[in-house]
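Each structure below is given as structure tokens.
Same chain, two partners: chain A is paired with chain B first, then with chain C.
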Partner chain A sequence: MKYLNRILIITLFIIVFIFLNRLVTPKYTESLEEGSMTNAYYKETTNHDVIFIGDCEVYANISPLVMYENYGITSYVRGNSSQDIWQSYYLLKETLKYEIPKVVVLNITSMKNSKPDSEPYNRLMLDYMRWSKEKVAMINASMTEEENILAYLFPILRYHSRITELKKEDIIYLFQNKITTHNGFLINEKVKPAGSLPAKRVLASYDFADSNYDYLDKIVKLCKENNIKLILMKAPSLYPYWYDEYNTQIINYARTNNLDYYNFIDLVNEIGIDFQTDTYDGGLHLNLNGATKLSKYFGNILKEKYNLTDYRNDDIINNVYKKKLKAYYEAIERK
Partner chain B sequence: MQRITKFLLIFILIIGFTTSCGQKEESKNNNNNNQDVSSGYALKYDNMTITPGDVFTKDKFGEYEDYIELESCAFEDKDRAYTYEHFEISTYTKDKQEHILSVYFLDPEVTTTEGVALGDDKSKMLEAYGDGYTNNDSEYEYQKDKSILIFILNDEDIITSIEYRYDI
Partner chain C sequence: MSITSLTFFLLVFITCLIYFVIPQKYRFISLLGSSLFFLFYDNFNLTTVIYVLIILLTSYFSSLLIYKYKDTKKSKLFMLIGVFLILGILIYLKYSNFILLTIQNIFNFFGSNITFNPVTRPSTIGLSYYSLIMIGYVMDVYRGLCLPQKNILKCALFMAYFPILPSGPFIRYNDNAESLYEGHNFSFSNLYLGLIRILWGLFKILVISERLAQIVNTSFNNPDNFSGLLMFLGALLFPLQLYTNFSGSIDLIMGVSKILGINLPENFTSPFFSPTITEFWRNWHITLGSYLKDYIFYPLMKSSFMQKLGQFTKKHFGKTASKKITLYLSMFIMWTLIGIWHGGAYTYIIGSGILQFIYMLFEDLLSPVATKVNNKLGINSESKIYRAYQILRTYLLFSFAMIFFRATSLSNAFTIIQNIFTTSHNMQITSLGLSVANLIILLIALLILFIIDKISIKNDILEKIKNSSIELKIVILGIFILTILTFGMYGIGFNASDFIYSRI
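Here is the complex of A and B:
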């Protein structure tokens, strides 16, 4: 009896503790949808031929469903806000535990960031990442000076103050998060034309950090080991500035490592992107209209050059994507 | 039974302790952010003093030529930049107020309070500020309290960038 009581108390304690941790962790549904992106991937039921990895420049600019609709390419965006190169590496490593794509496309904007950005961005990416050695390694590589891994293990340490600020979504999505993206693409149909931009600052050094090159090397190695074609891309944007010196380093790296590199900044006219109508934030990211143009353009390259399968003739995959496309257009309609 | 209760109590205490430490740290940081403003490097220009960290109000420094507002990737905070004739002021938001994050020189028509301008050479910088800098590549940083004055020099030791920045 005494033994049973002990077990009961411990079990009860664990349940309450887990419940509280889950309750106070933001659900990223009604606001800050960017926090639900890592988690959404785990709900996928079919594999993808292409995985896009990178920061907001992939989840805002690449629509996998447009690529499917036009070319039958199956793809997924594993991107998060301010995703650093070391985070891209660990996220790719995690992805390869679930599937081996034919092509990985890495957006290389984050090569210019040598230090973790900020704790709130780390949380957006990591809060709902499944526990694995990749997650632990990513936390260790990403933590700012003030952070502690315990706060990731027990979110209540970080979010305890939310207990008095809980919202309706915290209850509704207590056990099941809502998927807010479409194969990792976050729809934003707003239009904010590009105007003036801050002064283009002189930098003391334009060289990417050695540690970033180390992670890029690791990504190259990981792809080689898994027989994956790695492609580098720079999404079209007006700001933050993508200096010529940055571009030259990527061109040289791609040449040395026999990789293809697409700098879409140089191709905006060919793609048909108009920063007066195709951006939601004055030229930093594309809106739905711009992302559709880029996805059609890039999808065609992927299809032609990398010989990807057209799954529109595959009944199983096509049925899955029919539902996805229906949900996609309904979501656009609702916006 | 008593041992389990003890263990659970200790666990709760550890959690509580860690949590309250976090709160103290936060409040300490907030206090730090409030001090030292107005005591570091500041730009004196046209009878005005522009101090990194100070509250920024739109009419404080006369009419600006351009205003740029850029949203952050996910959060609601915005980067704002105000372009004046010879410099650009960037701001950050704290406690619903805009504060000066940086003052970036746009041309040689403006000098630092100690008389250094874009296009001057390294010796002029050293003459004005001495050798108490920290140096990274071609960047020279002088820090006084929470205000940092940053010079970037080219290969010929000519100043190509001057910026006052608040150390958040």
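Here is the complex of A and C:
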């Protein structure tokens, strides 16, 4: 009996500890919605033919539901703010544990970044990622100097000061996160026309880091092993500059590895993107309008060139996506 | 290495692991290894190693020679060589700039424009502690209070036992050395009590002191922006910040030592419940006070100069006045040295030295007057209200002195004092850097601290916990851990501020 009491007391403390960890972790619902993106994927009930991986340039520019509505393509955006290439690799590895898509589209802007530089971005991506060996590896690869893995294991070590700043959302979404994206797409309907941009700087070096190429090689290998068609893409943007030197390196890499590469910056006119109306931040990212145009354009390429199934005739999938589309347009309406 | 850092706790963990695994006879070597790692972790270079070695070798050989030539004049000579060599290194490394600045000020006062550029001296953490500890050791051997340590490794461990390097307490060879050498066995009771003591220290530092630091730093660092009550609040809270930081680090050190089975002398016994400054210093940084009494005050009182002064004053002013004059002069010298020890700056000398001496001087001089006034007015000096008044008075006096201690310069201290007496329209307490929620947490934590401090005046709380049921022990441990993790101020973007009492 006395041992039972002790076990009960210890269990109670563990429960309180878990509760406190959960309580102070940001819920990313009313602000910083990007933080709930990794988690939203786990709520998916059907598989996807296409997985988009990359930074904000995928979750802001590609709308999977527009692709479905127009071409019946099932897809999901596994994008995160400032997702680095090593994070893309581990996130893809994790994704392949849940499903094997026909196509993976990788946005290659992150090839520019050679080392971890932002703890908050790491947090946005990792806080709600499920624990797995991929997550541990991603944490180890992503940590800045001031971080340690313990603070990921026990978020209270990082977020304890939030105990004095708790909001209603922290209680409401204590055990259940709110899904704020639509198959990984984050709606932003605002318009901020492109204005004058900073002058192009001459860089000391335009070469991507060897370590980044290593991760890109790993992604290529992973896709080959799983019989997945890997496509490289560069989302349309005016800034930060995607230098010709960057572009040439990707073209060469794609040629060497027999990959398709779409640089949508070169296709802006063909897609019909107008940076006076189709961007929410002056040319860095597309808004809803721009994302819809790009998704229709890219969806058509995917459909035509990669022979993807049109699931609009599949009752089960179509029913799921009907609900998703309804929620999608309701969300647009609310905005 | 901060003693609240993960690195420190990792070092403690590895030390304990090695300590309890290796044969008892060699356990002190594991402590020495950790101590050397800690000593040179932040500043490892040949120069610092040489200075540390000089202090160690000086104390080691001088103590052996003192013993060899005991009862001869040579014994005193070796003692003086030992003491002055160690003291010389301490002064050279720590007080060169202060001495140069003082010389410069004297020259400037007499119209000369001489200027000295500050110099950077190599140093290690705990220099002020281990050099004084070794001076005490050499003097103890000379006085015949202890035998010299023949094993140089043991001597090195006594000098640099790592937990005490950042903020003490001062240890004595006779009382503590054997405990460092003997090699204790692991005990769950020690582990538990040690952990509780560590957590209590962390509670003081991370939950209370770091919150107080926000208020104190905001007000003291921006005296032009704060005046009246807010500035007063900053000045009033600094002693509490100092206390929770310093005594918290001592708790942590005692806890680590307890796990290893090593008992260290207590450094604080609820000082803020003291009715007089004299009593306050009996409860505050106790080991420093007792060290200075034994190695400076008493030798000074017994010195031939004081004896002669005593005879001279006795002849001219009478027996009572003569005793007082020699006493006050010795006290003045001792308190000035305490001020200097706290740091080579006039602010320290005034704040923690001369003002403390003045308080005690007046306490001694006015004590008969106060008794007479109380008797005439019918005030019961034993009543709780009167005691509360005395405690408050002591706290206010100490707070006033600490304005100098905390200020960046004397003029800064006077600006702060002036601002306290200036009316301010800004009464927004949150402008001092803490949100309302954090202020509430601070108040509750302070209340807990005062209750525990009050209880511990007459009770050994750790002993009571030791004798409690296992269930209660688990509850206490759990509450401590959860409270510190949740309400502590630590982690990314928030480094525990440097220990105020950390001496290099």
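One rule holds for everything that comes next: the second predicted complex is superposed on the first by the 335 of 335 C-alpha atoms of A that agree within 3 Å, B and C clash if a C-alpha of one lies under 4 Å from a C-alpha of the other, contacts with A are read in each partner's own complex, and residues count from 1 in each chain.
The working rule: contacts are C-beta pairs under 8 Å (C-beta built on N, C-alpha and C of every residue); 3 or more make two chains touch, one makes a residue touch a chain.
Predicted model only: the values in this text are computed from it and were never measured.
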Could you look at A:34 and tell me whether it touches chain B, chain C, both or neither (first, second, both, neither)? first
Would you sort A:20 into first (chain B), second (chain C), both or neither based on which partner it touches? second
When the two structures are overlaid on chain A, which partner does A:160 contact: first (chain B), second (chain C), both, or neither? both
Which partner does A:314 contact after superposing on A: first (chain B), second (chain C), both, neither? neither
Mind working out whether A:147 is in touch with chain B, chain C, both or neither, as first, second, both or neither? second
With the two complexes superposed on chain A, say which partner A:274 touches: chain B (first), chain C (second), both, or neither. neither
Considering only the touch criterion stated at the top, classify A:5 as touching first (chain B), second (chain C), both, or neither. both
For A:55, select first, second, both or neither according to whether it touches chain B, chain C, the two together, or no partner. first
Tell me which of chain B and chain C touches more residues of chain A. B
Taking the two structures together, which residues of chain A meet both chain B and chain C? 2, 5-6, 9-10, 13, 146, 148, 150-151, 154, 156-158, 160
Residues of chain C that touch chain A when the two form their complex: 6, 435, 437-438, 441, 470-471, 474-475, 478, 481-482, 485-492, 494
Can you list the residues on chain A that touch chain B in the complex? 2, 5-6, 9-10, 13, 32, 34-35, 55-56, 81-82, 120-121, 124, 146, 148, 150-151, 154, 156-158, 160, 195-199, 201-205, 239, 281-282, 284
Would you mind writing out the residues of chain B in touch with chain A in their complex? 1, 4-5, 8, 15, 18-19, 22, 25, 66-71, 73-75, 79, 81, 83, 88, 90, 104, 106, 136-139, 152, 160-161, 163
Quick one: which bits of chain A touch chain C in the complex? Just the residue numbers, please. 2, 5-6, 9-10, 13, 16-17, 20, 24, 119, 146-148, 150-151, 154, 156-158, 160-161, 163-165
